[in-house]
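Some notes on the structure that comes next.
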Amino acid sequence: MSVLVLAEHLRGEVRAVTHELVSAGRSLAPPVTVAVVARDPEPLVGAVRVEGVDEVVTVAAGTDEFENDTYQQALEALIAARRPRVVLLAFSVNAMGYAPAVAAKLGLGFASDVHGMALEGDSVIATRSFYGGKVDAEVAFPGVDTVLLLLRPTTWPPAEGASDAPVSSLHVDVAPSRARHVEFVDVAASTDVDITQADVLLSVGRGIGDADAILQFEGLAAKMGATLSVSRPIVDAGWMPASRQVGQSGKTVKPKVYLAFGISGAVQHLAGMKASGTIIAVNTDPDASIFNVAHYGAVVDLFDVAEELEKLY
Amino acid sequence: MARDPKHDILFEPIQIGPKTMKNRFYQIPHCNGFGSEKPFSQAFFRAVKAEGGYAAVSTEYCSISPESDDTHRMSARLWDDEDIKNLSLMCDMLHEHDALAACELWYGGPHAPCMESRCVARGPSQIPSDFEYMTYAIEADKDDIRYLQKLYVDAAKRARTAGFDIVYVYGSHSYLPQQFLTPFYNKRTDEYGGSFENRARFWRETIELVKEAVGDDTAIAVRMSTDMFIGEAGTQLERDCLPFVELVDDLVDVWDINLSGIAEWGEDATPSRFYEQGRALPWQGAVKAVSKKPVLGVGRWTNPDGMVEAIREGKLDIIATCRPSTSDPFLPKKIEEGRLDDIRECIGCNICISRWEIGGPPLICTQNATAGEEYRRGWHPEKFTTARNADNDVLVVGAGPAGMECAMVLGKRGMRRVHLVEAADDMGGTMRWIPQLPGLGEWARLVNYRKIQIDKLKNIEFIPSTTLSATDVSAYGAEIVVIATGSYWATDGLNGASHDVISGADASLAWQATPDQIMDEGKQLDGERILVFDNDGYFMGVSISEMLALEGKKVTLMTPMGHVAPYMHFTLEAPNMHRRLHSLGVEIVPYYLPSRFEPGTVVATHVYDEHGHERTWEADGVVLVSQRRSNEQLYRSLKDDVGLEALKADGVDALYRIGDCEAPRLTADAVFSGHRLAREIDSPDPSVPLPFRRERRVVDADTIASERAWHEAVVAGTAA
Amino acid sequence: MKTIVCVKQVRTLGDEVEFTDDGTDVRPDYVDLALNEWDSYATEEALLLREAHGGEVLVLTCGGKESEPALRRCLAMGADRAARVEGAEGNDAIRVAHALAGVVREEGADLVLCGVQSSDSVQAATGTALAELLGLPRVAVVTRLEVGQGTARVHRELEGGLADVVDVEMPAVLTIQTGINKPRYANLRAIKQAEQVEIAVSQAEDAPSASRVRRMFVPARGAGAEMLGTDPAEVAGRIAEIVRERTA
């Protein structure tokens, strides 16, 4: 049994999701090998060598930034060399560009957006959602030696600390990329508030009490780099326009983080946000339905929390 | 779909006297304009609520004597035994659905002008009504009091014979029994006036007498206003109401608790502009705390969680609704079936009430086009027949209230494909920005409901951000085309007072704007002083003024009418609206018509000034709320430029227009317009409404003969 | 310029869910079907390319007869031809890619466009797997496309609001992200005409499947939120941490 993780990095920084892959691999089937692919992988090794990493393999190939042909060839070589039982990648934009290609080429077991893994004897079972998250499915990979899984970010906790894992390198002859990185551009921020495009939504409901509180939360949202959204009662009361409303008759949102402050979780509201990546609910009512869909919750006064959050930004 | 267990309590039966309600949903006494003389409209209107799950449904106020004649306003009547027949239809139809029937026995005293009966009312003291003018009552002596109490007893017996399960001794809104209780109306010095016990005497005795007459098998309800908000002269909670509840609690089977007097009963029938759901809970809870009997009351209830909370917190036992039962008679069933997003929520506009206030017309509802049409057009709010011409595709251009409603009903009637195309990026039309005016947030429910329903209908496709030209429409591929392009506010000052434009009025200039320019296009008026010219008659002028004043502008609201926003008197919004405008420092100038607009100046003349003296107002900006105009270019282009022949050649068999683009109207009427076309899309000529069933007396040879014979006998003095 | 757009007829579940007897999928009678949202953007992008460069747009799906409405929607938007390959339907994205590859190879194309993912499976795999089977370069998650001579310059949308500008050799496979354009509506005339178009049907070659759903189920609800405590300062701290982690 062994796990191979391919690190993700961008502009010289290892992406945090890599550490999640390590802890996932560790909980499934150590030893865990982490591979780093870059033109010059050495500077990235330190950030990759967290607790739970048993081995680091560097592949000096390609360019500084991700190119899918390079990663495909590197991964194929790593699989041939190390014969891992399980390859863990993040379910990320990068992985979408090469992982299915590797799986198709090598006939690997494959599943993406995986949020659960288990070993049954020798068999790997992956759990993922279907149909808008309404159902889950257990996926089996009968008769394959290597399984390639793309894990849903923020499902596993990121491994921390440091390890003294040995570092080796693998030489891979990589053909020139057919899809070449040119440069990065920052996506221009639009002036219209489109809550469906926000990564983080700070959403408030009738628990905020009155219209004056809106200004306060708008300020907090700006500080946090979040966009303010609201539930129906706020729009009904005329405190915010309908363009900010999350819910069945408003907008459906799927931000990375949905902060629900003073929102009870009416069915119509949940319909608009329950597919959010991470839902954090703050409500003084411990029975509020929002807690059924939230990943994190706190039964505490939302103004107190807001005040504390202000101090942190 | 199943009921949320959280809502179970709303479906627990409850005992009221000798009767049992099968759940906690009660349609409170409310007017519909049908009375006893449109018995089918009355019965079908009430019965659809029983079908929708209401466990008890009441008449409107039911007059017990010709001395209590509210003409021009419509009440029910139980003046004689013949009246029993008409109201018994309502009782029978309610019983078919296992609902109880309630009758609100009413005597208006000095509030009832008796314009049809030409009788004179009796009352506690002789002061003209604060609700009507020129109406005086006979100051009742002891014989009058006995007579009045016998009216209640006789009416209660008639009600029981008709089949009513519950009879009221109704006092709220300051009608007779509550007039005796209240110092404002009762200046008597005999044993029926003065101390609390004396003031309570009439009401207590009447309840005793009614209970004695029918109480063994009929539930006795008392409707009481807990506080009239007019200080010590009015009924007050602690001084009058709670002691009265304690005094007669043993006699009463159910308390119906509300607020306010009659002159400002918008404090009870709260517009959403000023009050949230459940406004009366504190008072209802206070009564519940001292009574051993069930307590019911209204609160513009639409949210089932709020209803559950009210009961759990011991403030109400029964959830009563008036307006929400009209906007959705199937509210209880939908909660029971867990279909919360199918509930058509009341928006609190009070258009329904405005029809009673005007006096005469049947009620209408902005949200529910079938309200009032259950009998006369045979429209059921939840049932839609498949159109005979369903094998056609429909293009609806414009997703405002009329377009949304039309598309939705066409979808429910099974049209093969319906495309609802809208130029803006979302549904709603003017109802996208109107709810953004101060206080009108709940009006957006009109759009919310239709959005959800349209989304559920698989045969409707909504296409936003798309403007169609006449050629696009012709080539679209729809056999039926419905134009619903709405209206805009006139940019040239054209108005119904002068029937002319106003010199210098031009909303394309930077310092002038119309409501749509401000709200929809974001046009800002610079400067501090704004003059709003309003000849609309409803809310637009005052709402824009309120909004601008809240933004810090100094606003002058000028109208050639004697009152600004007169229609808001009928929607019960006027008193608080005026208080709001007054507190914001809005200057209201009635009776003035602008003769010209110049940069920085508005010149106007008094409408009754025969010499045309001009007065000048300084204004940095002007808002024109003079009148609306139809957006009829597309329709005209299709009809005149393309032509019906060419359309037919292109496959368009029918072209219709609905809503404001035909003629500007109330939102309720725009919704109705779309609904009607869809209901009648398969009639021989859908452009003309089918005749509705009229409840009228049609004479024939026999009745002519017998009536003329009777008349002759009366004139000759030989009649029995 | 010949563009092939691979589309999918996706399923949305209602509130009631019923599983097949073997428990590996939902019963088809409890689902609504529609064209995958991403694919309408991909189709629109292909139509824009045809408007700019001339040529042809073929829409292709892996599916049985019930998938034809998705193809007809694309035809109504303006695609020239439609085809479906049956026999490989199901949740194995790589098996689907094999089926599609057979038709694409036969047809040939300058560009193959797929949606980034389907709304029902969310695997985000078919396009890239297809590229591999065809031996073509690919870029996944494209938010901007400019076709030049022999190469295309695309923007790849990364997490966190950054775009990666990539030059890719053509022919190529691109997976298209929502928001890249504004898909045109199809009027009723086009929809009716699309009803009449003949859709080419072919059979998928047998392809191996290396993954298999062995059980599908409704996840236990209310496993509950992880509670962060009752001290506002602590809660705020945790919230800030979580936000930072999730948006890194």
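Going by the order they are written in, the chains are A, B and C; count residues from 1 in each one.
The working rule: a contact is a pair of C-beta atoms (placed from the backbone, for glycine too) under 8 Å apart; a residue touches a chain by one contact, two chains touch by 3 or more.
Quick caveat, the model's predicted, so the values are computed rather than measured.
Chain contacts in this assembly form a complete graph, since each chain touches every other chain. Simply put, of A-C and B-C, more C-beta pairs touch at A-C.
Averaged C-alpha coordinates put the centre of chain A at 52 Å from the centre of chain B.
Per-chain CA centroids place chain A at a distance of 20 Å from chain C. Each chain gets a centre from the mean of its Cα atoms; for chain B and chain C, those two points are 50 Å apart. By the touch criterion stated above, chain A contacts chain C in their complex at residues 10, 15-17, 65-69, 91-94, 96-105, 107-113, 125, 129-132, 134-144, 153-154, 158, 178-187, 199-200, 224-226, 256-257, 259, 277-282, 291-292, 294-301, 304-305, 307-309, 311-313. If you check the complex, the residues on chain B that touch chain C are 1, 393, 395, 417, 419, 421, 458, 463, 465-466, 472, 475-478, 651. Partner chain A is touched in their complex by these residues of chain C: 11-13, 17, 24, 26, 31, 91, 93-94, 97-98, 116, 119-129, 131-133, 137-141, 153, 155-169, 172, 175, 208, 210-219, 221-222, 224-233, 235-240, 242-243, 245-248. Contact residues of chain A toward chain B in the complex are 232, 235-239, 241-242, 248-249, 264, 266-268.
Residues of chain B that touch chain A in their complex: 276, 305, 340-341, 426, 432, 435-442, 444-445, 447-449, 451-452.
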